[in-house]
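Below: the structure, in structure tokens.
Order of writing sets the labels: A, B, C, D and E. Residues in every chain begin at 1.
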Amino acid sequence: MDGLPILSLITFLPLAGALLIAFLPSTYARPVALGAALLTWIVSLLLAIGFSASRGGLFQFTEEVSWIPAFGIEYKLGVDGLSLLLVVLTTTLSWISILASFKPIQTRIKEYMISFLILEVGMIGVFLALDTFLFYIFWEIVLVPMYLIIGIWGGANRIYATIKFVLYTLVGSLLMLVAILATAFAFQAAHGGDWTGAFDYEALRAFAASGGGFDPTLQLLAFGAFFLAFAIKVPMFPFHTWLPDAHVEAPTAGSVILAGVLLKLGGYGFIRYGLSFYPDAAQTYAPAIIILSLIAIIYGAIVALVQPDLKKLVAYSSVSHMGFVTLGIFIFQPQGMEGAILQMVNHGLITGALFLLVGVIYERTHDRAIARMGGLAARMPVYVTIFGFFVFASAGLPGLSGFVGEFLTLVGAFSFNPLTAAVATFVMILGAAYLLWMFQRVATGELSSFLSGLGSHLTDVSPTEILTLAPLMALVVAFGLFPGILLDVINGSVDRALADVNGGAAIAIDPLALAIGLGALAAVVVLRVVTLPMFRGRASAENSA
Amino acid sequence: METLIPLIAALPIAGFLFTAAVGRRLGQQAHIVPVAAVAISWLIAMIVVFTALTGGFGEEGRSVKLWDWIPAGGFHIEAAFFVDNLTAVLLIVVTTIGLLVHVYSIGYMSHDPGYWRFFAYLNLFMFSMLLLVLGDSWLTVFVAWELVGLSSYLLIGFWYRKNSAALASKKAFIVNRVGDVGFALGIMAIWVNTGTLNIRESIDVLTSETFTAFPIPVAIVALLLFAGAMGKSAQFPLHVWLPDAMEGPTPVSALIHAATMVNAGVYLVARANPIFASAPEAMVVVAGIGIFTAILAASIAMTQTDIKRVLAYSTLSQLGYMFAALGVGAWTAAIFHLMTHGFFKGLLFLGSGSVIHAVHEEQDMRKMGGLAKKIPHTYWTMLIGSIAIAGIPPLAGFFSKDEILGEAFKLGFAWVWAIGVLVAVMTAFYMFRLIGLTFWGESRVDKAVEPKIHESPRVMTIPLWLLAIPSLLLGLVLAWPGPPLGPLFGQEGPGLLAGWLEPVYHDGLEILGHHEAEFALFGIDGVLILISVAVAVIGMVAAWRLFGVEIGGLRRGGNPAQVQALSARVPFLYRASLNKWWFDELNHLVFIVIGGRIAAFLWWFDANIVDGIVNGIGTVTRLSGGGLARVQTGRVQNYALGIAIGLIVMVASYALMTGGR
Amino acid sequence: MNLLIAAIAGAIITTPALLVFVLGGGSVDDALFAALATLMLTSALLVVTMRDIIRCGLAMIVAFLALAGIYVIVGAPLVAAAQVIVYIGAISVLILFAIMLTESKAAPSRLVFQTQAIPAAVASIILAVLITLGISATDWGAAAVRFRLGTEALAQVLFRDYVLPFEVVSVLLLAAVVGGVFIAKREPEDPS
Amino acid sequence: MTFEDLVTIAPFVAAILVACGVVVADIIVPGRRTAVLAVAFAGLAVIALLTISAGTTAATAFGGSYRVDDLTTYLDLIFIGIVALTLLFAPDYLEARRLPLAEFTAVLLFAMTGAMLLAASADLLVLFIGLELMVLPGYLLAGYHKSDGFSTEGAIKYFLLGSFSSAIFLFGLAFVWGLTGTTRISEVADSLAAMTATGGLSAGLALGLAFMSTGVAFKIAAVPFHYWTPDAYQGSPTPVTGYLSVGPKIGAFALILRLFVEALGPLKLDWLPVVVVLAILTMTLGNLVALTQTNVKRMLAYSSIAHTGYILVGLAAYAAGRIEGLEGLLFYGAAYSVMNLGVFAVIAALQRRQGVTSNLDTFAGLVRREPALAILMTLFLLSLTGIPPTAGFFAKAYVILAAVQASQAGTDILGLLAVVAVLNAAAAAFYYLRVVVYMFMRDPASDEPGLAHGRLMWIGLAVTALLTVAFGLIPGPLLEIVGAAARAIG
Amino acid sequence: MGLANSLDAYLVLSGALFAIGTFGFLARRNAISMLMSIELMLNAVNLAIVAFGSFVPALKADGSIIALMVMAVAAAEATVGLAIIIAIYRNRKTPLVDEYDHMRR
């Protein structure tokens, strides 16, 4: 397949679809969008078939075109096991989301579908880019369509949510840009002012692994910037608060993609860039990140317990689940990282499905308040069955895909430090608690008066909805029973990333700098508490702004 | 044989998938496929069991690999089955009782709209349970461990419209999860210690090297595994889910919450016996928790009025016995009791189901009485079960319970024995209280229901009788050392079961250094037997005096006044028993009230502090922007003054830079 | 009354000159410089402080005249001439016209100063001090004596080195006129 | 004055001639927009061609007071482009308000002449006159809608403060002349280099620097000398605002390049701290205040202040020793010009209907009424925000790269500057995107149908949009030009 | 004392005039007064330039020429300024600049 630029094809097929939609009447928007997404999906599957898992750690199907020669910036794409998985996840969830949008989205379909397809371009691009500059561009491209999707087709408080989403993400990503540039320059400076390769992923990685790698101070700062960008995206505690808002306000498909793919960008970034470029800094930061991950795991679960809104609950559960991803990555153990990657894929499938399911209810009731639900099992048995399936999948029921990733992460964590694993494992209880409690309140008991008031609107899942959910169910079962499919593909990537990071050694941190940093943090908190009265009714104020 | 072993588990899951897919359309025929699947599974299991117990798989057992489940580099897990004698013994219990419960359910559930669903779930449970006993690696066992939890969840909450059922199912799953955390951590610890999760390999590694050389001490591993067992087998303090689980249909209570799933913990500890043997501290914990659960549950069972709850606490109590046995090192006795208890408790539950059916879904024993003549099959089978559990020779319960108590005493755990004896009194008491209240004396049944009381159909009574047989004879058969059974299985010595399990326990016993003492009927063993029988009789008679009796010539009415007087004599104990020692209240306080407060606080924290900082930064930014905008007064001179001041500052700052560089 | 003011003004202006003349060793140039400088500063101060804007304009003309005198002293008679022509002949007249056009005289003159007059004064004084300090602290590499330049030499430099600015200034004036006329022109058909 | 001199200044002369030609054309055929525009565009084309051809050979003319190098060519082309685009956007707007096009065009072309002279000056006097020639027409243009109170108010504020700052600037210039004894830029640089090599910064030079810095900071609208910007921008007719936000700004940066980078180059370590402080203040205040604005033009005024700050980052990086800073600055100038002109063009297009304010409400539901404009506006706003793959992104990345380089090369403070810059960029997203919110996520306030826009407007929008994307997507060619331009003085 | 032969004297005088002009610009309300203040400032600059021309040998001729140019520029500036003042006076009917504050914040 040497001649065919298959990666570019996958990346830009959705764009072609978007352009086509732009020039066709809006009645064609839906079929064309679905067609484009399906086509992309099929090509991505072909890619997966053509991919050589035995060389999974190496980049395959690479494409390389000089782009901005002045800085050695290239249009360079390539796929390894890690990116392959995430690309296929993206293409899969994309068409499912588009299909799931057919009914709920009734206004400005053209714009919606265009946004969605451009979003897909950005997401795939992030996973395939092998040039840091290109990576950044795709990273930011993701932002805009998502901003529109939440902002235009979202719920009542959508504007607050979408602006928060964008601003939050931008803060991180712009600092990351600084880090990318700094890294490139360090490379250039080390190569006698030659820009060639300064943005090239493989060249930078090789440089990082050679000799002392990048300068320790640069590493600390650049990794810090990358960390912030990725941590916000993941999102890690305490950078997670944009997520519940964004999820609650986003349309169903937006939530699916948000949870299914966007959060994965962070995890992907950590593995691909954070560890390989700045191994020493990664080692330095790892303990803190592990602690934050543990907090996120437990904290997300506890807060999920008391959520009154279905989507918020699932959103907080994402915080908890994604905590496993960061935990798995930063313990620097093969099992942990493999678990983390599996967890990313599985969280994408399961949480994506949960959002679809919440969407199904919302479609019928225009409500997501758990308190008003109840007794759905009697009226929507098929729905409740599927719902239950994914609830248990999310709770990490063995045999379904969620379990394997979680358990591998825990095994890795245990060999890193049993106490870490113990804390993280504790979430098995909390996870079951909030998920089952939600399930019980929604599905069992007598039909609530609110729901019975809806009368015949409360129909069971439609064939289209089943069509969106069935593939996810199949994958969840398949990956639960045969996780080897995924593991074989990622083993190589994991080994490489770990080889990179384990070649590093933690950098001694100036205690003074640490104290200043923590002091600044404390100051912000104090400022916040002092100014508490000013924030009353902020949501409405923001919204009217 | 290699293909047969997977079939045992594959048939029920096939039955589940089939029924889940098309069962809704089959109506009253929905049971055919599931029951057939379990029946064939039973048949195959019996072949496998026979092969195993006759040494067909050798001492080491036989494993069947299906596929590489998790090939994550060094962490390599196979999906594989394994059969040895312990598995075989468990297979007997699981498949037999499973099959009988399936058959019984055809009658019991016949009028339920969720008929097909029930059989689907039952099949799912059978698969999970079989996977549990057949699993070759700790992780497979863990998978099954969770899957039985799932099926239990589904079956307890079978009547999902009932809020109490939904709550109970959730509670069961979550409390089980608490134990599962321990189990999961135990598995991780095993992997970290040994690098493998294959059960036999890992045990070999764990027990062959010096104990201190492991990153995780073996005692910790053992206790973590035991935590899993505590959850599944409802040992204190994780016992709270089991009584609530009675919200499920009665066949479920019989199958899952009496005969099979709750035994999984016992199986786990027995399976891991060398690990426990290497950690004597852990064994003491096991024994202590077991016997404490036994007496705690027995004390509660004495005052409960719900027929199924009495049986549930009784189950807890008997499971406590088993763990006590495991803790003292009487592993054979534990499995022995597991088997006998499985049968007679299954019988009792199914019988109680029949009773409940007869009195139209009434479970309160205060509204029963005098049913012996109206539902004779049920009465007689339940009586057999009660005598068996009370420990009256030569019924099954006598042998197994006596072996536990005897072993405990002989192995130096006198305190376990002492408490065990006390529990035996209570057991006999509450069982005959149950029989007395239900079957004997005057009828207190609702007048409207009274005329409609009828014996259950044959599809239900036949299983009862089929279970009554092992309740009667199993103890004798398994404990009897001599012909004709011993030679048939090529065994001599202490008893059939002990012989079968010898290879399983061989390593563990070696580590422990225990040797089976010679059985001395006219020595210490005789005395212990006498005591056992005596206390059983004491309990029984006490129950007769208070609640009446009608066996043959022995006739006597109940004495409610005396019951009241007695309870008033020990008000605290009575109330504690009636209120189940307030565990539900405690849990409510700790998890719902305090836990809820914590969660609510964290949510507040999230929305106001964490998010507040985020929004606060935004607000402060905006406010400062608004403040700075005030500079823009619209008046040129103000601007000019600003510029002039800027100029002055500029001059001053450049002035500071004058002179050298 | 006016006579008195004139006398006081004359005294104020001549005193420094006399002082300089007496103390500085009798240099006429110095005395003249002092007198003109005093005159210029005084009238400049009047420009920025007087209430009546027309008088301000007149004071400005005086200041410009004084400055022209100083130009002569410093040795740039051509500039002095240009000063008279451009500033007094053109700009001042223009300004006076504007005063008439905008009827500034009729405008409320009670508050000629901004409320910020005091800060403005402080700022200006600080500025003056800073400039003075800066000037005196600097070695300008200046000649000890001022020198004069003939008009001819000047023209030579102008047309050798400064042709371009000279040309461009005309463009600048052209642009100012083209635009200024448009802006100042009254549009009878203005929609508003 | 030789023939070579004339060849060298041909573009400049042509510009003057075209400006006059416009006036003449209007006298010959009064009130006809085609005549004016034909002359103007033909003239601009000729000027551009002359600029390119003259730019092929570096040369000086008029005894070294006029200089053509790659920087001159680059800046001239930007100015020509800005004026051409402004002329594409203005006619519809002016016509709707019955304002004559001829004077507008002529004044605008005069302003361009000034800017071109600035870019080409090798003499500080020429520089000053060029500056005045650039800004004086600006004052007039700001007040071009003379019957409108806001327009004239903006103009007078702009004028008064502008003149004030010119005086301050000139005072500083006088000190430099006095100290160096010359007006020629190269000689000034040599003299200063010799001077500072021995004694460092003298008090007089400090005074001069301070006054000049103040004057220049005013012209580029750096905080705290920015006060005129919001009022002038808000008041001016929208196409003029568009022009003011880019033309005089890039012109002022041309002034900085010629004056500070070239003439005062030897003092760059002295003015570096000032630039750093100004950059931080400018970015931060511009963005913070922009957050609170509800009038889009005023908001964009603050935004333009903020962008000045970003450009200053490039200057600071240059002063700290990285030529990339200069390249970034120049790139930023081009990128900023196209995207900002585009934004104002959209506003101008909307304001073709009389009485339409530039309040945020005007943009409510724009996507339903005029989807093309809404999408273009979004593009420009995203570019201003700095979202790839747009010109604004690459420009920002460029100056930040330079700052990062400088910080790694030892000037740590530039690292801080880079971080402040990106944090500001993140905050800025809020107010840019708020316009997007109004356009896409709100219902229109009125159900007036969309307007028909002239062909010129569409051409202009197409060009700006195309360049906004092209500079971001394929910045390579522009980078080479910018590199050459920077090398001319760096 | 040689005041007339001292560059510093001229420069200080220039500075003083500049400061007075600044004060006028900052303090006066009338637009025309402000314009006059600016003229004072420009004259201050011119004084400095001419003084430099007379004392700095290299600037011998240049000083005067620069001063002439500055005058021309000042004239142009005044033209433009007065035009704008007249225009706004038509709109607002007041010459007081501090009342031109319709745009703020």
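Please note the rule applied: a residue touches a chain if its C-beta (ideal position, glycine included) is under 8 Å from a C-beta of that chain, and two chains touch if they have at least 3 such contacts.
In this text the structure is predicted, and so the values were computed from the model without any measurement.
Trainee: With contacts defined as at the top, give the pair, B-C or A-B, that has more of them.
Mentor: A-B
Trainee: Greatest Cα-centroid separation from chain B: which chain?
Mentor: Following the centroid criterion, the farthest chain would be C.
Trainee: Quick one: report the Å distance separating chain A from chain B, using the average Cα coordinate of each chain.
Mentor: 38
Trainee: So what's the Cα centroid distance for chain B and chain D, whole Å?
Mentor: The answer is 78 Å.
Trainee: Chain C to chain E: how many Å between their CA centres?
Mentor: 7
Trainee: Cα centroid separation between chain C and chain D, in whole Å?
Mentor: Whole-Å distance between the two chain centres: 33.
Trainee: Show the residues in chain B shared as contacts by 2 or more other chains, in ascending order.
Mentor: Within chain B, the residues that touch at least two other chains are 618, 629, 632, 634-638, 640-641, 644-645, 647, 651, 655.
Trainee: Spell out, as numbers or ranges, the residues of chain C touching 2 or more other chains.
Mentor: Residue numbers touching two or more other chains: 114, 116, 119-120, 123-124, 127, 130-131, 134-135, 140-141, 161-162, 165, 169, 172, 175-176, 179-180, 183.
Trainee: Which residues belonging to chain A are in contact with no fewer than two other chains?
Mentor: Only 167 qualify.
Trainee: Sort the chain contact graph into one of these: line, ring, star, complete or other.
Mentor: other
Trainee: On the basis of the stated criterion, which chains touch which? Give every pair.
Mentor: The set of touching chain pairs is A-B, A-D, B-C, B-D, B-E, C-D, C-E, D-E.
Trainee: Show me the residue ranges of chain B that touch chain D in the complex, using the header's touch definition.
Mentor: So the residues of chain B touching chain D come out as 618, 621-622, 624-626, 628-629, 631-632, 634, 636, 638-640, 642-643, 645-647, 650-651, 653-655, 657-661.
Trainee: For a test of understanding, state which residues of chain E touch chain C in their complex under the given definition.
Mentor: Of all residues in chain E, those touching chain C are 1-5, 7-13, 15-24, 26-33, 35-37, 39-40, 43, 46-47, 50-57, 60-65, 67-69, 71-80, 82-87, 89-90, 94-96, 98.
Trainee: What residues on chain D touch chain A, complex-wise?
Mentor: 367, 382, 385-389, 393, 397, 400-401, 404-405, 407-409, 415, 418-419, 422-423, 425-427, 429-430, 433-434, 436-437, 440-441, 474-476, 479-480, 483
Trainee: Report the residues of chain C in contact with chain E in the complex, numbered from low to high.
Mentor: Of all residues in chain C, those touching chain E are 20, 23-25, 27, 29-30, 32-34, 37, 40-41, 44-45, 47-48, 53, 56-57, 60, 63-64, 67, 70-71, 73-76, 78-79, 82-83, 86-87, 90-91, 94-95, 97-99, 101-104, 107-108, 111-114, 116-117, 119-121, 123-125, 127-128, 131-132, 135-136, 140-149, 153-154, 156-158, 161-162, 165-166, 169, 172-173, 175-177, 179-181, 183-184, 186.
Trainee: Can you name the residues of chain A that touch chain D in the complex?
Mentor: Interface residues on the chain A side: 67-71, 108, 111, 133, 136-137, 140-141, 143-144, 147-148, 151-152, 158-159, 162-163, 166-167, 170-171, 174-175, 177-178, 181-182, 184-186, 189, 218, 221, 545.
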